[in-house]
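Note that subunit A is present in both complexes that follow, paired respectively with subunit B and with subunit C.
Take a look at the complex of A and B:
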């Protein structure tokens, strides 16, 4: 395998996030963390790495994510590319996949792209499929236990009532479930090597996109209203354990 | 006439079928139901199915599908090929008389519901399975079987049926824990209590993310949708993500230390206090 690309997203660390006037996430005001499922993608990529393999991490988001991404070098990641541009902000999954695909095309030949199966903030889980469609390659979603196989990769796919063992041809996209891998810790040697490496930041223009294709402008969905209450409001009567006991016994 | 295309898979959602019929009528669209169940059985390659489906969308104004694992891979691929907007895992759908679809889904991890409009000519959405009630007497157009697909770019070598996840969706009583439980040991205690009263153990996404409980126990938008007779939420704050998965419960009991926790607004009965003390008391009483 020549190059393995791991896509990661930096998501707001706080449970409560602020929205701006157009219902977009205010990404400037909160601190960031690596999306949990993406940790598995990075670890799986490092696990598949051979002597001549380059592991590249691709991300899109605000420039302030650079510091967090920089830490990935110490784990053995060879290259980190961050797509960062005001024009890319506010993208729905379609515009995000378009930008990531344009970014991937700038990275050269690759064997596979690994992603987390969904992000903790928007939770659409649509990027892996859309990215694969943009690049016209197959995808497996909800994956676990990725291994090298004769003509590509083998992995498990978690379905609602079954677990499948699949083989998939290269190049391909595989999305991984949360906790399918535990991300390694940096080694001392890794930390030393990381010092010479730098996150590369690319703008929309760098990856060949014009403003109409990106961000809010390039999106086909629009949030028109936000409600702070979920449906299903009930009237709560506060009671003591004795009363609860009666309710539980009534159902048993 | 423009179509509302409903794509069903191996796990058809009859409630969504009923909803689709209503939406088609209001939006003055022709309902067309296409099943890809045979294609799903014939190939594990979702990209091949999505590619093949493009030819079926010439008259489509709206494309809906239940948010099963495979359709949640197929629909995004189809959406990209059509350059159409796609909303994931909706829990509400409405349509205007001009056929503009309004999609509702929980958003951004806290207590927010977003209503989304699609700007492209084709409007696509996946819908949380089990969101809409089915109507066994409803009359629908005949489902077309679609199987025009073969690919071995992704091949299934082995399939193992799993029954573990069934427990939570079919349980009569569910005791569910959140981040407020505080530890894995706390969850063991909650599990023991659940077993004692014949209940299944559930968990919020926060609890699963913290490693307190396995993903198979997760209730909510990215976990299971449950509708037990009794749902006991312990140490769960009540994020929309979670509420979307349990609002179908007949009776909801909330136990939480924080009197301001949103879960109390979605519960029939509540106790404010330390969960461990309350569970201990309940164990003695039962």
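Take a look at the complex of A and C:
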């Protein structure tokens, strides 16, 4: 394994978040956390790491996420790259995957890209597949456990009603389920080493994208309206079993 | 510096000062720096670049029992021990921790326990339950451990004690925060416990029980057996009639609720049931149950004996305000701290030894 890339998203940590005029999450006004499923991706990457392997974390989001990403160095992550630019804001999943793919191309040769299977905020779950398509490599979704195999990676993955194990050739993209791995804590030595490391911030131009390819402009989908579900429309009420027959007859 | 999560806790403080009167260390030292809010302010200043993390600040972060009294009472859900532990990590990372703390860490690295001593063997190889003794009872209060094992024998319970019992990670976590070195210890401990295949592990020291029950699973090293506090286990033996005490009046006593039973487990009845069975008429100190005042910890006693002994004397002062003359405890750390400064005319009672006298 040469380089393993783990893609992480910083999502709002608050229970309630605000939307702006274009129905985008207001990420600036809320504190951020690492997306839960992405913790599995980072831990799986660190678990697969060998002496000559570099683990790189790639993220896209506001620059204020830098401090949170900095903490990953103490876990043994070698390099952290944050794509951050106003031009990248408001991207749908396609524009996000395009930006991530452009970022990946700047990182050099890699063996695999690990992602969380979905993000807590938008929850589309499309990025891993779209990223693999953009890079023209295979994708395995809903992974739960990864092991090195002779000819690639052996992945146990979750299906609707079962689990299956398959082997995928490298390079590939694998998305991981929430809680499939427990992210390690930093070590004292890791904290010491982390002091000299810094998150690299790249702009859209740095990764070779123009405005039309990214952010809102580069998106194929747009949120045109968001509605809050009005409570009470189902007119629910409690009744006792004796009254139930009468109610059913009334409906008939 | 400390994590964003810890910083959020530090900055949530409303400076209402409600925690000021709760902190046992602040009570005894009278230092403003020893209020939980002051420690939060220090970290907030660091993140804003208006202060530097130096040896004095590191020392202030160690002048805390991690007793959780401030967490229990703070209306904002603010958790000072969360960032205090992280600040300790930072102190160790930057070689700013007090020399006495570093000595404790070195002892753990060299011998597996804070005392740098070999743990005694209890020669128990039973088949019903595993009893996890812990390093404080094993090295400093072995009589309490032996009394506990005698009680189990009298109740017909066949107990096993690991010969080379690994540390739970609890002490290292107090010294350097929740870091990988702690989870490594936790994993070895969980592996050793799981290897016995016994269905129940009875944990003598509630501080060990807390880390096992509330942290091991999140660190991916779950103990397969049911983890039970020693107090709850003996109280159940009493309830089930497996231990039948003779009626014997020993006078008035007050139970000390240790930090973990009080605030991590909210377990109050078992220790009182044991005390009553041992013959004590119970009275209560003003600060009891969830509000119980800490009497110090064995870790703090090791690196900061002066302040910890003062904190223990603060607990004795609580007892002196009642009609009781006996401080009753079933926790080895509490016993060790309280034994440093028993006031004249007062007695410190190990409840397992006391119960042994009547069964």
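In this section, the second predicted complex is superposed on the first by the 232 of 252 C-alpha atoms of A that agree within 3 Å, B and C clash if a C-alpha of one lies under 4 Å from a C-alpha of the other, contacts with A are read in each partner's own complex, and residues count from 1 in each chain.
Everything that follows uses one rule, which is that contacts are C-beta pairs under 8 Å (C-beta built on N, C-alpha and C of every residue); 3 or more make two chains touch, one makes a residue touch a chain.
Please read all numbers here as calculations on a predicted model, not as lab measurements.
Of the two partner chains placed around the shared chain by superposition, subunit B is the only one that A:224 touches, whereas subunit C remains out of contact.
In the superposition on chain A, contact of A:182 is made with subunit C only, not with subunit B.
Looking at the shared chain after the overlay, A:71 reaches subunit C, while subunit B stays out of its contact range.
When the two complexes are overlaid on their common chain A, residue A:148 makes contact with neither subunit B nor subunit C. By the touch criterion stated above, A:190 is placed in contact with subunit C alone, subunit B being left untouched. By the touch criterion defined above, A:162 reaches subunit B but does not reach subunit C. Contacts of A:31 after superposition on the shared chain: subunit C is touched, whereas subunit B is not.
Ranking subunit B and subunit C by residues of subunit A touched puts B first.
Shared contact residues of subunit A, touching subunit B in one structure and subunit C in the other, are absent. For subunit A in complex with subunit C, the touching residues are 31-33, 67-68, 71, 182, 184-188, 190-192, 195. Across the interface of their complex, subunit A is touched by residues 3-5, 8, 89-90, 92-93, 176, 178-183, 218-220 of subunit C.
Subunit B makes touch with subunit A in their complex at residues 11, 44-48, 50, 68-70, 72-81, 83-89, 91-92, 102, 106-120, 151, 153-163, 165-166, 172-173, 197-198, 206, 208-209, 211, 215, 221-222, 229-230, 232, 239-241, 243-244, 247, 251-254, 264-272, 278, 281-282, 285-286. By the touch criterion given at the top, residues 15-17, 19, 23, 25, 36, 92-94, 97, 118, 120-130, 132-134, 137-142, 154, 157-169, 172, 177-179, 219-245, 247-249, 251-252 of subunit A touch subunit B in their complex.
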